[in-house]
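Got a structure for you, written out below as structure tokens; questions coming shortly.
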Amino acid sequence: MSLTRRDLLLAAGAGLAARPAVAGSQAGPANPEVAPPVRRTPGGRVHTLNGWSLPHRINGGVKEFHLVAEEIEHEFAPGSKAICWGYNGSTPGPTLEAVEGDRVRIFVTNRLPEPTTVHWHGLILPSGMDGVGGLSQPKIQPGETWVYEFTLRQHGSHMYHPHVDEMVQLAMGMMGLFVIHPRGGDHVDRDFAFLLHNFALHPGTRRPDPSVMQDFDLWTFNSKVFPAIEPIVARSGERVRLRIGNLSMWNHPIHLHGVQFEVTGGDGGRWPKAQWRREVTEIIGVGQMRDIEFEAVPGDWALHCHMAHHTMGPMGHGIPNTLGVDQRGVEERIRKMLPGYMAMGRDGMAEHQEHTDSGHMRGPENTLAMMAGKGPFGSIGMGGMFTVVKVRDDIAPGDFSDPGWYRHPPGTVARRVSSDPGFGAPVRRQNS
Amino acid sequence: MSLTRRDLLLAAGAGLAARPAVAGSQAGPANPEVAPPVRRTPGGRVHTLNGWSLPHRINGGVKEFHLVAEEIEHEFAPGSKAICWGYNGSTPGPTLEAVEGDRVRIFVTNRLPEPTTVHWHGLILPSGMDGVGGLSQPKIQPGETWVYEFTLRQHGSHMYHPHVDEMVQLAMGMMGLFVIHPRGGDHVDRDFAFLLHNFALHPGTRRPDPSVMQDFDLWTFNSKVFPAIEPIVARSGERVRLRIGNLSMWNHPIHLHGVQFEVTGGDGGRWPKAQWRREVTEIIGVGQMRDIEFEAVPGDWALHCHMAHHTMGPMGHGIPNTLGVDQRGVEERIRKMLPGYMAMGRDGMAEHQEHTDSGHMRGPENTLAMMAGKGPFGSIGMGGMFTVVKVRDDIAPGDFSDPGWYRHPPGTVARRVSSDPGFGAPVRRQNS
Amino acid sequence: MSLTRRDLLLAAGAGLAARPAVAGSQAGPANPEVAPPVRRTPGGRVHTLNGWSLPHRINGGVKEFHLVAEEIEHEFAPGSKAICWGYNGSTPGPTLEAVEGDRVRIFVTNRLPEPTTVHWHGLILPSGMDGVGGLSQPKIQPGETWVYEFTLRQHGSHMYHPHVDEMVQLAMGMMGLFVIHPRGGDHVDRDFAFLLHNFALHPGTRRPDPSVMQDFDLWTFNSKVFPAIEPIVARSGERVRLRIGNLSMWNHPIHLHGVQFEVTGGDGGRWPKAQWRREVTEIIGVGQMRDIEFEAVPGDWALHCHMAHHTMGPMGHGIPNTLGVDQRGVEERIRKMLPGYMAMGRDGMAEHQEHTDSGHMRGPENTLAMMAGKGPFGSIGMGGMFTVVKVRDDIAPGDFSDPGWYRHPPGTVARRVSSDPGFGAPVRRQNS
């Protein structure tokens, strides 16, 4: 038996609470058109970077959510938009938040052109609710709405994503976070979450290429690239948690400056304290979530993948290596054929950002520069999995707005002591 | 001094137990032609996925094994055979099983066209038994038989593989498991083992290509791809261990559905219980083994690498991206040149399996489809490192046979509630 | 205000100790030309593989170091030199060693053709000393000298590297180790350190190619490849620590033969003993350091990355697979066009080293062989991230010189027992 939209409206009109038996023993989803006002948790307790938490409603003691898988237009950063697939208008889809012990009912509508399902990655649930298309359920065909229902028997940082044609559907951006809070309340002051991903949005194109396996163009936190990734804002001394999940094709080593953090758990729940491990870089495996926690220290601190190419924007590979090559004669001759041509790369690539920012270097349409971002001291030269943890003494609780750049106490910034290239007499190695 | 086959037959005929001094102070290998009946452990205590444990014989208190390195024909799944290299007729070679404290003597015959050795990866042994060609011993030339002998001073999950031209020899499939049981008996009800690997068997070819570094065609558990990988069968509530080793070129994140497992050790032995770590995905590094353990929960649960391309069969890379591209006019024109041509990929790749299964899409000879596998609810669409953990209430001890698909208790399977694409009024993000 | 070289010489001439206020409240760097004799720690307490520790001088209670970023000529192994970027004449740059609680002042002179900075990776310090160009400070322009100053509030294994155009600057070899010893003295007998890296030095070229992301030519320990990597020398029974950092583009699984080592910490400091994990292979993530410790066991033990291609020298990819291909007719015909052409690879690649060593096979100029290295029992066939841990009973404290090959106790080396290919009657799998 399947419900039509009309059935649902009727059901809702009749008062869902009074009709718990719709669709078997369960009610339909929230329907703002006719249903009583839905209780919304405007942003949830987790701060999803550049994202949001999905409102739910309580229906007969069950938390009801409604995910819609659909094609969307997504902006990776100003200057780069693509047709992606996501949920409820965004990639990643909205974060689902609930509490250990909750019973949840999740409606999933498929507005994609091909079948899908949702796999609740890391959740302990009945086999038939596990969402593996063909194995645990039939696939959700385009146009259909299916319902999942289960009780949350754990807490921790989790994910959801399709388990049908997942190579394509993941490559197009279908993923989301599922955070289950412990019943007894939480212990951190700030709780951030984001997913690592990669998109093969080749320069000049508008749809990610799902056949790419390794060499991606865009390396993202919550489907955004620097400088469009939100900063992580906290007050000095606060206990901060980052919940980081990975649905990309690489095991990314995520590095945080300024502190030694503790790895406290992930989708295996919160580990016993004796297992918390001090690190400055943690590999987040594909299909894995990691919670890292630290006491916020005042300053502007980089947070990024440490694979150097993953903090870059789209770039050419397989191009000639011009490092150290004097291209002056060549440049003039090429310029006759290609007016405006610039020979670059003799001294490194840092000049690329200057030329891009100044408008001298133009890339293909709808394509970001390889390096981007302005800091308080000039260009930052990053373009992928990079953002800044901004810790200040005067951030109000619940304030996640960008406080601007850090104002360093006097004498705490590296400074120039000479412009003489022959400065001092540095030690070189003695053969001994 | 080296022994000829005739010497050996004579030795065996004379009663090996009475001639412990053959080949120095040690006896030759088991020789069923003339020797007294060999005690065989038919499958060993470890269940090697799609594999087997090598029988041994006791000779003067020493456990004797005989490995033969040789060229073999191997089937990755029906429809894909290749000339590989392995041991005793298979890739991976047979699992060696012994008990902590055992003295083992392992004969290795080289029937390959080039030299080899065997390195006992992770074992604590004399430097000259470590099997690094050129460093710890001369190489074993084609046709020769060498013997290794040492006492097992540890227990845990280990591997063996060549240490001569290992880039080629590993790429061709030469590897095996070496499981050492603790002396005091074991604590799990079911004990599975398998090795992660990758083969560059390019479409239409019959030998893996050893020069490939990253972009492989076949991603395997014990040299098999889904759906030819055995299911992992257990009874509800049993303590199950998976011993997973990796001799591929990628650090694979292995994900198990349905439970939070514990990582309990690996080739570093069994860790103290206080170190067991709860996870749903564990990265198995290359050259690393991990033991993961869990209590079996009824259902059909996917076990797979979470890098999406590693659960796919052979596929093209660098092909045009047809997602969202209306190819109707083009299709007809191409069909005039290539009769039967099908434009695909506009709506995703899920249709590929349907066309393959229906016989519409034919790939190159001796080449698997990108997606394969039938489940109880339709096609599963997987093709590499993927299998199913099948847990039932009524599996008999020692029964590893496939119990078929799970029969879900009523009301525990996700279900359709509507076919109306406009179902409900899902919440989208508010700009605020 | 900036200092000229002349200012500095004057300052030094006047006695730096008496002029602590140069360049703000701090003194200039050591200047052997005129300054009083510098106290040098000839090798430091850490043994940097193929490397060195930078001497410092004490100035008003502050340890002063001077790093010079510059272009250098570097030899990866005899036969392969390249123009790289490094510090003080080497890649990696010299190791900085200090003690927890020390105040350090580090002068950095930029003699590169583009801007740079130094990021003190993993150190807890003021935000303005963190070295992220544009974010924590202006970039250090070519010719300039800047100074960093901070107090070390931790101990452990750390790194330094640029944070400006770091994709290029890391690809060219700019990196170094920063080891902070605990105040109360140390607990190991031998303390080694090295960094994992990769260089895209394409065959026949002389500068690494910074646009390469995955598929490198040279896989290095401290910018050297086997057999040019120093052995790790220890006396039997000594407690040995290896501090291994990774600034490459891959998370490398490092495998040690002969022992189960303990992973005891890294750039998160030394972990509590209850967290030490027994392994034989440890993944060192990019941007991560790991300390591994073990009791030295007599012998020659391989230490290497376990990704098989990472122990190879430069090699072709995308070449035809000749395994099993009888090329005799073809060889003669090609030889008519290419005198001296050798058909290879039919039986594996082990023969490559023999042909290279014998001079039959010549590669491009300035390009290493794919396999190299001679051991006591013949060619070893390795060429990248590979070295030997050499443990002997009679190594003197502080002696790191190569003791030659291990002399095995009688009866402890694998040995040949037959040259008959039909030796024995090895067991093959029974279908059952």
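We call the chains A, B and C, going by the order they appear; numbering starts again at 1 in every chain.
Simple rule for what comes next: a residue touches a chain if its C-beta (ideal position, glycine included) is under 8 Å from a C-beta of that chain, and two chains touch if they have at least 3 such contacts.
On a predicted model such as this, the values are computed, not experimentally measured, just so you know.
K.L.:
Roughly how big is the turn, in degrees to the nearest 5, that lines up subunit A with subunit C by CA atoms?
P.N.:
It works out to 120 degrees.
K.L.:
Same or different interface residues for subunit B and subunit C, judged by whether over half of the residue numbers are used by both?
P.N.:
Because under half of the interface numbers appear in both copies, subunit C and subunit B meet with different residues.
K.L.:
When the C-alpha atoms of subunit B and subunit C are each averaged to a single point, how far apart are the two points in Å?
P.N.:
33
K.L.:
Could you list which residues of subunit C touch at least two other chains?
P.N.:
214, 251, 274-275, 283
K.L.:
Which part of subunit A faces subunit C closely enough to touch in the complex?
P.N.:
That would be residues 214-215, 251, 253, 255, 257-260, 274-275, 277-283, 297-302, 306-309, 311-312, 315-319, 321, 323-324, 346-351, 371, 373-381, 388, 406, 408-409, 411-429, 432 of subunit A.
K.L.:
Please give the residue numbers of subunit C that touch subunit A in the complex, ascending.
P.N.:
2-8, 23-25, 28-33, 38, 42, 52, 54-55, 66-68, 83, 88-90, 94, 107, 109, 111-115, 117, 119, 121-122, 124-148, 154, 163-172, 202, 205, 207-214, 249, 251, 265-269, 271-272, 274-275, 283, 285-288
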